[in-house]
Amino acid sequence: MNRRTLLGGLFAAASVPALSACASGVTSLDGSGSASGGGGSSKGGVTIGTANFTENQVLGYLYAAVLKQAGVKVTVRPNLGTREIVIPALRSGDIDLLPEYQGALLNYLDPKATAAEEGAMQNALTLALPKGLQILPYGAAEDSDAFVVTRETAKKYGLTSLADLKKQNGRLVLGAAPEVKKRRVGAVGLKDVYGVEFKEFKSLDSDGPLVKGALKKGDVDVANLFTTDTDIEANDWVVLADPANLIPSQHIVPLVADRKADDTVRKALARLGNVLTTAQLTELNRLVDKDKKDPEEVADDYAKRHGLAK
Amino acid sequence: MSVDWSWIGDHTDELTSLTVSHLQAALSAVFFGVLISLPLAVIAHRIRPLRGLLLGISNVLFTIPSIAIFVLLLPVSGLTRTTTVIGLTIYTLVVLLRNTVEGLDSVPAKTKEAAKAMGTRPLRTLLTVEFPLALPVIMAGVRIATVMSISLVSVATYIGDGGLGQLFTDGFQRNFPTPVIVGVVLTILLAVVADALLVALQYVLTPWRRRRT
Amino acid sequence: MYELFKNLADWLTSGASWSGSDGIAHRLAEHLQYSLLATLIAAAIGLPIGLLIGHTGKGAFVAINLSSFGRALPTVGLVVLVFLAGGLSMLPVYVALVALAVPAIVTNTYAGMTAVDPDVRDAARGQGMRGHQVLFQVELPLALPLIMTGLRLALIQVVATATIAAYVSFGGLGRYVFDGLAQRDLVQVLGGAVLVAVVAIALDLLLSGLQRLLFRHRTA
């Protein structure tokens, strides 16, 4: 008997009772859901998952606020992890709905996709999505990835655009969340599109204290942040231009499992998408990050003020 | 670094539910840990050649970082409470198994022989003689496993669970110490209270030991 | 499952994954550095405390309870707390690892001291030995096997927990676990986990071998 089978045995022994104990909390796997999205129902309630950064939680609670108003029972599971973790959870039924970003999602689903304009991207997404998942109409608000340097670094190396980075190949350090190392909108695309090679990639976090702290301290030269982060302006950091359009349009788009996609959900999220602007979303992020307000409170408050909820 | 007391006041509901969820995860792990380790311990106690193997495996499992166990379980049980409980259960095994085996070993051979001479069947001897006598050592293991699980639950925050551990990632992301301090304090309180309750439980379960001390 | 283990074998045996600043060799060295330094600091704190309460017999209740209290400290919380208080450095990691290791060292050192036969202790005093002579020439050598056990236990826990360094941007084998989690690259996670386990087991075998060598004469 080798160790692997022993391990397997132990896992199995431990999982059987635990599974049955938690069965009520697990949504059934709906393999038969049609790709067209008909036949879904939000009656049994919708579980909203969110990724591990502030804005995604704000969006998750905004979805929750408008869905509650529409009479849907919602559960929010905040801070689950990266897209690489959350989307498999959506497919397996642990969650039903995710706030997503057009370009980043398309890159994840189909790294070779070339669509860059919102409408084309929406079509490409629909084609690229695995069975059982669908996207709803995208909203007005946008949040793009940005590659940012400090004012001093920009001056020192003469950096204004991503193309300028190539001249410093092998000299600069890129700091970003670990997943960005393998993403197209990240180390991979910077190399393919701009021919940029960094001295080192430092695994930090998604627009969090590590990556911003490292940029401030000079531990990294280039940082991957989000355009809706008020810290960029507050610190007078420079967002490098993207002349070759490596970074796609990043409108916010709800990604939902077919089994839950009914008209109630569609209408409620479409209304939110039409109302929420980039500037407003940036402000909501600031309230959470800087004023230490709860994402839930901030979202509920916003929904009330804009007539999306009572 | 100051504590924002009004934040605590505004979040009592959330803190309560996180505490309950935290405790539930830890206790489920100990429960399944006991359920699994009892029969395994009996096997390890009775069948000598298997003892080294079983204890060895549990020792090896203990050296694997808990976060890795949670991640490796994702394809099996996803982002669910089940993943948390399985991961924690694996960790309780090392302590529970070792203590239960030691407890059974500590039962004097003469006592067992006496039971046998009186015609008691092996299973009955195990349940009515060996386990009760081994109970103090087993309970010591249960106490350690419980405290350890309560402290480990928070690691599951990296897979979106983790009870009070969610306060740690939240405070970290927002550079906000209050939730982190509250989380640490509540975790320690939970552990202390749970440990005290287990001591009380042991006192109730082993009445014969009271008069001696 | 088969696929996973095959990829793991490829990863572990390819030269490319061992070299460079993100290579296994470098991460392994970092991991050893964090673990050994943390255990050393913990020993510097825990040994004197354990020896003192064992020698004097005072403060045992407090020390033992503090130890179980220490066991309850959530490592993640501690790391984040020290990070928020003092900024980004290795300090949060070391504080958490030391806090984890001290209880095991204190309790085992104390247990080793109490296991010393009181008659032996009295005999030493009877021969006119002073307090510190009794401690260093009689009690300490006799308590050493259990003290070593405590150090081994602490080291194993520290090696497994040093993965946390990667959470606050540092290296060590935890880098593979946290990066693998973010990228959902299970091969990396499993590889990191296996390497950590191997390091822990190797160190434990090394120490227990040393222990056996040192106390050979006693296991008569």
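By written order: A, B and C. Residues from 1 in each chain.
Note that contacts are C-beta pairs under 8 Å (C-beta built on N, C-alpha and C of every residue); 3 or more make two chains touch, one makes a residue touch a chain.
According to UniProt, the chain labels map to these proteins: A = ABC transporter substrate-binding protein; B, C = ABC transporter permease.
Computed from a predicted structure; not experimentally measured.
Visitor: According to the touch definition, list the chains common to the neighbour sets of chain B (ABC transporter permease) and chain C (ABC transporter permease).
Guide: A
Visitor: Please find the two chains that have the most C-beta pairs touching each other.
Guide: After tallying contacts for each pair, the winner is B-C.
Visitor: Which chain has its C-alpha centre farthest away from the C-alpha centre of chain B (ABC transporter permease)?
Guide: Of all the other chains, the one whose centre lies farthest from chain B (ABC transporter permease) is A.
Visitor: Taking the mean of the C-alpha atoms as each chain's centre, how many Å separate chain B (ABC transporter permease) from chain C (ABC transporter permease)?
Guide: Inter-chain centre distance comes to 21 Å.
Visitor: Provide the C-alpha centroid distance between chain A and chain B (ABC transporter permease), rounded to the nearest whole angstrom.
Guide: Each chain reduced to its C-alpha mean, chain A and chain B (ABC transporter permease) end up 36 Å apart.
Visitor: Approximately how many whole Å separate the CA-defined centres of chain A and chain C (ABC transporter permease)?
Guide: Here chain A and chain C (ABC transporter permease) have centroids separated by 38 Å.
Visitor: Hunt down the residues of chain C (ABC transporter permease) that sit against at least two other chains at once, touch-wise.
Guide: Those would be 83, 178, 181, 184.
Visitor: Using the touch definition from the top, which residues of chain A touch two or more other chains?
Guide: As it turns out, chain A has residues touching two or more other chains at 81, 85, 88, 205, 209.
Visitor: Counting only residues that touch at least two other chains, what does the list for chain B (ABC transporter permease) look like?
Guide: Within chain B (ABC transporter permease), residues 60, 74, 157-159, 169, 172, 175-176 contact more than one other chain.
Visitor: Show me the residue ranges of chain C (ABC transporter permease) that touch chain B (ABC transporter permease) in the complex, using the header's touch definition.
Guide: Residues in contact with chain B (ABC transporter permease): 68-69, 71-78, 80-81, 83-85, 156, 159-161, 163-164, 167, 174, 177-178, 180-181, 184, 186, 189-190, 192-193, 196-197, 200-201.
Visitor: Looking at the complex, which residues from chain C (ABC transporter permease) come into contact with chain A?
Guide: 1, 5, 21-22, 83, 87-88, 166, 168-169, 175, 178-179, 181-185
Visitor: If you look only at chain B (ABC transporter permease), which of its residues touch chain C (ABC transporter permease) in the complex?
Guide: Residues of chain B (ABC transporter permease) touching chain C (ABC transporter permease): 1, 60, 62-69, 71-72, 74-75, 144, 147-148, 150-155, 157-159, 164-165, 167-169, 171-172, 175-177, 180-181, 183-184, 187-188, 190-192, 195.
Visitor: Flag every residue of chain A that touches chain B (ABC transporter permease) in the complex, lowest number first.
Guide: 3, 6-7, 10-11, 13-15, 17-19, 21-22, 25-26, 49, 52-54, 77-81, 85-86, 88-89, 92-95, 205, 208-209, 288-289, 292, 294
Visitor: Using the touch definition up top, name the residues of chain B (ABC transporter permease) that touch chain A in the complex.
Guide: 4, 7, 11, 28, 32, 35-36, 57, 60-61, 73-74, 76-82, 85-86, 89-90, 93, 157-160, 166, 169-170, 172-176, 178
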